[in-house]
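Next come two complexes built around chain A: one with chain B, the other with chain C.
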Partner chain A sequence: MQETQNPRNPTASEKLQRLLISQEGVLFLIMLVSVLFLATRTDKFLTIDNLLQQGRFMTEIGLIAIPMTYIIITGGIDLSVGSILGLTAIVLGWTWQELGFPLELAIITGIVSGTVAGFINGLFIVRVGVPPLIMTLATLALYRGLAEGISEARSARGYPEWFFQLGQGEFLGIPSQLWLLIVAVVIFGIILARTRLGRALYAIGNNETGARFSGLTVNRHLLFIYAFSGFMSAVAGYIFVSRVSTTRSDMGTGIELDVIAAVVLGGTSIFGGTGSIPGTMIGVVLIQLLKNGLVLAGVTSDATIVVIGSVLIFAILVNNFIQRRSGES
Partner chain B sequence: MNDVLLELSGIDKVFPGVRALKDAQFDVRRGEVHALIGENGAGKSTLIKIVSGVYQPDSGEIRLAGAPVEFSNPREAHSAGIATIYQELGLYPELSVAENIFMGHAPTRKRLGFETIDWEQMEAGAEALLADLNIHNLDVGAKVGALNVGNRQRVEIAKALSLNAQILIMDEPTAALTESDVEQLFSIVRLLRERGVSIIYISHRLNEVFELADRVTVLRDGEYIGTHNVADTSEAELISMMVGRRIENLFPKQAAQIGEVVLDVRNLNRPPLTRDVSFTVRAGEIVGLAGLVGSGRSETAQVIFGVLPAEAGEIRLNGEAVKITRPSEAVDYGIGYVPEDRGHQGLIREMTIRENTSMAVLESVSNYSFVNRAKERTLANRAIQQLSIRATGPDQTANKLSGGNQQKVVVSKWLASNPKLLIMDEPTRGIDVGAKAEIHRLMSRLAAEDGLAILMISSELPEILAMSDRILVMREGRLVGEFSREEATQEIIAHAMMSASAVGGAREGDGDYPAPARSIRKGSSPTLANAGNRKKSTSNALGGDLEGD
Partner chain C sequence: MKRTLAITLILALLLALVSMPLSADGHERWDGADDLAVNPLACGMGDEMMDEGDDMEEEMEMMEYDGGMAAMGDMDMAGMDIVVVDVPKLIGIGYFAATTLGQQQAAEELGNVSVSTDGPTDANIDDQIQVIDSYITQGVDGILFAANDPVAIAPVLRKTLESGIHVVGYDANSEPDAREWFVNQAEFNGIGKALIDSLVSQKGADASFGIVTSTFTTPNQARWVAEMWAYADKCFSDLDWLETLEAQEDAGLSFQQAQTLINKYGEDLDGIIALTSVATPASADAVNQAGVCEDVAVTGLGLPNAMRPYISSGCVQEVYLWNPVDLGYAAVYVLRAVVDGEFKPGDSSVMAGRLGELMVVNGSEVLLGPPFAFTAENVDDFDF
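And then the complex of A and B:
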């Protein structure tokens, strides 16, 4: 019982201790150790240029990981994010090149289609009661199929120079899209941690019936987060096209697994109810740095995957162990 | 009669931070019903878990038929003849009655050189076991999932007997049962006692102890308080043993000034469990809603609260007609609902007291949609103080609290919303005597001092009779009776709940709308099937059947 006595005014050192044994704290330490270790293997890894470049590459995963965190906190899942990313890219390229839309309008059309795609997921999940796993597994195939059908295996290229600003340019020495990710992380991190919306998501994830019986508008919240997921995947799609200068229908294939891995690694329970945006972001960064650092250290790509998998399992085990110990004491 | 079968002495059990049992003792004679009572957290569950091998005592001795024994797991206790029937039944819903009874020890026979299950013998064996318990109307081939709670419990008892149990532990066996199921259970218990089976009976309901038990042992705060022959003790004595003090009035009821009509429900319809229901609740009034389990009381409450929106009919609040299609609208109109299933519907157990008490008023504790934790904490602290919730502070998680304190958190959530109407569904089910009296006192005070209109659903007739200003009775989805506090007696209400020809007493006529339909189909008795149906409709209510949001 001694642990539960008056937790009112913790001292600074107690606060630090609590932070260190939190899920995020443990993960952050694992990340630090990995970075330091990789830095001793190759001097190309721990350079400003390389790290900024990695920031560019991880933005798409990072953006999608935000709504994915929201969704997994409610106990749901969205497997269709990669396909929505691809669909958005294709709609963008096709409306611009084939239908002759102005590029600005094409971008908006693409993002709107992605949002609608996410909204449709939410609609079936909420109104028809299809389990999120099944619904988004179906639209994973469906949206990808749509993208392929629209593109007819052609790729759109030849975008004007300004279009590449977001994906390839920089602002104040930092890749443009990384700014976008940072702003999004701050805003949506605060929304989750501090607002009514965030509170409602945690309540839904812990006990959906209880949330309903408390007068929370559960369905509205669920509808919103799946549409939000579509929107963020669509923005990620636009950035993707801008980064690689071309549009293909297979863009974003498999990205959903990277995103989910990062979210779960970041301490969000796959059963819902717990999780945070800072945790998710540490997960995103850790995976990206491991991928990059191992390649630079000369590890072959199949070995890299094995190492990443092992680190994932290790991180989760360590975290479980520490959480259980601190929960007991 | 003085043949002691099981004897525990000097039992200590410490969990991290909690001393669950201190030098506890307990004994069971052959062929007796020994009731074990105490408030929540008194150590009853720990004690029976030690008897059934789930926990091992830190010190102390267990003797079975005179010989010291140690159970390192439930299996060992099982084979020593000790079986437990838990509140949460441990059956396989997808398997048949016979399969469940013989789970793990099915009769086999050799067929083509293989050991195979002998289905004929298993079904015959199951039938014989059930017949032994005077149960003749249960199909051993039926899936257990399709049975109602009472029948499932009977299957569980038969299963225990198939293992030749000498000691049967029943933990709150009547908590989820209808009145007629309770009767059947009692006759089974008596039958078993006659056959020499010893029964350890845990219950919160003292009347059951007096009806059924030979001896009763009281625990308090992990300590053994005493054992009495039931014939030599009284309810008052047991209560004072349990709480360590005398409770003068279990049902404190303050006289209240009854005011204007707050809730006026007219011809509310959502078949099958809400049919043409009309009634009113006034400010300062506690209206008791009685009925058997499955009579549609909770469903009607949920129609009003918008969980199961009405298909037809009218709801008026303070004279204004409103349309409620989801709980959030009901909350906006000033209705609070303390649901029947505390853990599932009432609380978010993984979250803190602070987060739970502000759940229904998030808007008012937020600035520009940012939740103000200081305001939340003030709210929670006030609730802890006013309702004397025993907790370490507002940031304690709800599932660490005892049942009574959890219920107080649910109540505080709705009080925070300043409701005009509070619906309380089984407000004191499964909570101990002390907390129960506190909740009753609170209800009384809210009605008398704050003029709150309260609709109280309860399956405990003493609670209904003592707390209500007016009593409504439901049966098969219809309102079948209305009684004033003065005219109501246990017999009258019970009769109205069960009989097919009940007619209400003097109805306080508001006069301007038709009286509730009292046409009741003759000859249809309140059957066990009702409970089964209800189970289904409830699960619907929780699943996809929720309309809108």
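And then the complex of A and C:
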């Protein structure tokens, strides 16, 4: 029809149309509708204070969702992020309280061990060829077990005041950790969309063998993203400890599912090859706003998770429908 | 494909080998106790009520009020209708359904309180924090809570107090200054003593037993284990403490862990002490199914409805608890009294409807009473 015989540059309206039917566009519309709907239900929802507070709560999930997007784009998965978060928190608290490290060094030790934990995932996946699902399922249990073993189930408390700056303080009126998330999203969003590294990840996800034969250092890329995932989970662990002011070995339990839900909701295909950071972030924000807005609108928590599950399915259906139609035309 | 599978299997074996010494090594320490100070009660059975009474009076004189204060609002809410939200550790289990029932009864009696219950669907510290935060934003007059972690919940509770919302805890405490009062269902040493005494009375002072707990980090359970340990050490040092196993608050997992104890120790196992309202019926079920009701005594903390079949059939002699309906009931009365200005720091007791006068202990805690034994004689009188 008309579209096929139109090789000229797209006009503004066509650009808009293309944006609207993109994964992110559809999701953004769903988010907008949800926000407007929730805002009509309660006047406590759409306030700066509340939204910033939600930004604080979603930072850990948001940070981990970035490397998770990378990993899922390559066709992999990382189930151990919650356990790495817990392990980092315990190493941080334990080295500080039991081994007497200065707190600054304890933070670095925690983040390094989280990164190493992620690197070990990558090593086994790349060198031994263990499927990512199996490997990270194993380390999901292993790292959590380590955290419990190291901590002997005791929690570390009584951190000095400055330590809470990142988790509970604010900078220029915005929660401190939200700045970190914004910077990370911009940097890693650009890396994925605009650099060689980003394109390599898509290539690996679309056809790993093909990518290998075209001379891409696939193994090095995979090693990097799993270590990166460990690193970001570790940073999230530090922020989490700073926010709740205590260290427990069960921190971050189940967070892997929240992260994966946000990434998939954001349009990243679980089979690899497609996805974007903006999409993922809309997914993270949408889930957080629904959680909060529904409670404010008087819906109880058990009903809220039902609604969130339904929205997940609905968003994916709408997306599939629109993608298929635009593919046909 | 085959190669991958083989490698995966080898890897799994290696992991198992690596983690084995970890768990075996720490055996002695894995009793699930915390490292806070313990205060075991005097030895002997049957007179625990007396002991608790003595203890209570001593502590009353010792401690000053150490709770927090809600910021003053614009208006005095005394006698006015108030909206209260209750945020338990999690929703959807029998125990917190019972506290909710008690809260509703209190609200009905008082007539000027409306209480609703909302909380995380699993016992997750962060979800609980977010739910409370949302209710601060929504603006209620009072919050009742049962903390998943005493420290982690403290910042959001302090924020609640600063917003002029009254905060009363029950079941699981927070840091004292993050709330006004805490309704203490039973002192830890009272429970520790009751459970050990129950085991000894059934299986003798040299019994071997295992424990099924929720997790090693859950504050209440860790305290009970510590107090049981201390009391057993003081009074029945011949008791053989086999192992403490974690089972979350999960019925299936609790059943498995009880089965593990039965299979692992066989003849040597004389008793199982279960520390959650989910683990006790699950342990009784495991013992029942294994056909070892005669050999293994199950005792612990349990709700009457869940325990009725096992107590009626004689498989389980007794379980202990406080009455969670009364616990929720008392929490609402305490909150109402605080709002009305009738219950202030420094007071030594508070009136709580049908429960009468409740004593203040440990500075800013209201004690519900001694632990309560559910036996074949009384289990049918309760419905929760």
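The definition used in the following text is that the second predicted complex is superposed on the first by the 322 of 329 C-alpha atoms of A that agree within 3 Å, B and C clash if a C-alpha of one lies under 4 Å from a C-alpha of the other, contacts with A are read in each partner's own complex, and residues count from 1 in each chain.
We adopt the following convention: a contact is a pair of C-beta atoms (placed from the backbone, for glycine too) under 8 Å apart; a residue touches a chain by one contact, two chains touch by 3 or more.
Here the structure is a predicted model, which means the values were calculated and not measured.
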Chain A as common anchor, with chain B and chain C clashing or fitting: fit
Applying the document's definition of touch, where does A:L296 land relative to chain B and chain C: first, second, both, or neither? second
Taking C-alpha centres, what angle do chain B and chain C open up at chain A, rounded to the nearest 10 degrees? 130
In this superposition, which partner touches a larger number of chain A residues, chain B or chain C? C
If we overlay the two complexes on their shared chain A, which of chain B and chain C does A:F213 touch? Say first, second, both or neither. first
First (chain B), second (chain C), both or neither: which does A:Q53 touch? second
Which superposed partner A:V244 touches (first chain B, second chain C, both, neither): second
Using the touch definition from the top, say if A:T253 reaches chain B (first), chain C (second), both or neither. second
Contact-wise, after the overlay, does A:I287 reach chain B, chain C, both or neither (first, second, both, neither)? neither
If we overlay the two complexes on their shared chain A, which of chain B and chain C does A:G129 touch? Say first, second, both or neither. both
Just to be sure I read the superposition right, which of the two partners does A:G149 touch: chain B = first, chain C = second, or both, or neither? second
Working from the superposed arrangement, determine the closest approach of chain B to chain C, counting only CA atoms, in whole Å. 8
Taking the stated contact definition, name every residue in chain A that is touched by chain B in one complex and by chain C in the other, in rising order. 128-129
Would you pull the chain A residues touching chain C in the complex into a rising list? 42, 44, 47, 49-50, 53, 57, 124, 128-131, 134-135, 138, 142, 145-146, 148-149, 152-155, 157, 168, 240, 243-246, 248-251, 253-254, 291-292, 295-296, 300-302, 305
Spell out the residues on chain B that touch chain A in their complex, using ranges where they run on. 16-18, 305, 307, 326-328, 330-332, 337, 339, 344-351, 355, 359-360, 362-363, 366, 369-371, 392-393, 395-396, 400, 413, 542-544, 546, 548-549
Footprint of chain A on chain C - complex, ascending: 3-4, 7-8, 11-12, 15, 18-19, 22-23, 26, 29, 32, 34-35, 91-92, 116, 118-122, 124-127, 129-131, 133-135, 137-139, 149, 151-152, 154-155, 215-217, 222
Partner chain B, residues of chain A touching it in the complex: 1-8, 126, 128-129, 194-200, 202-203, 206-207, 209-220, 273, 328
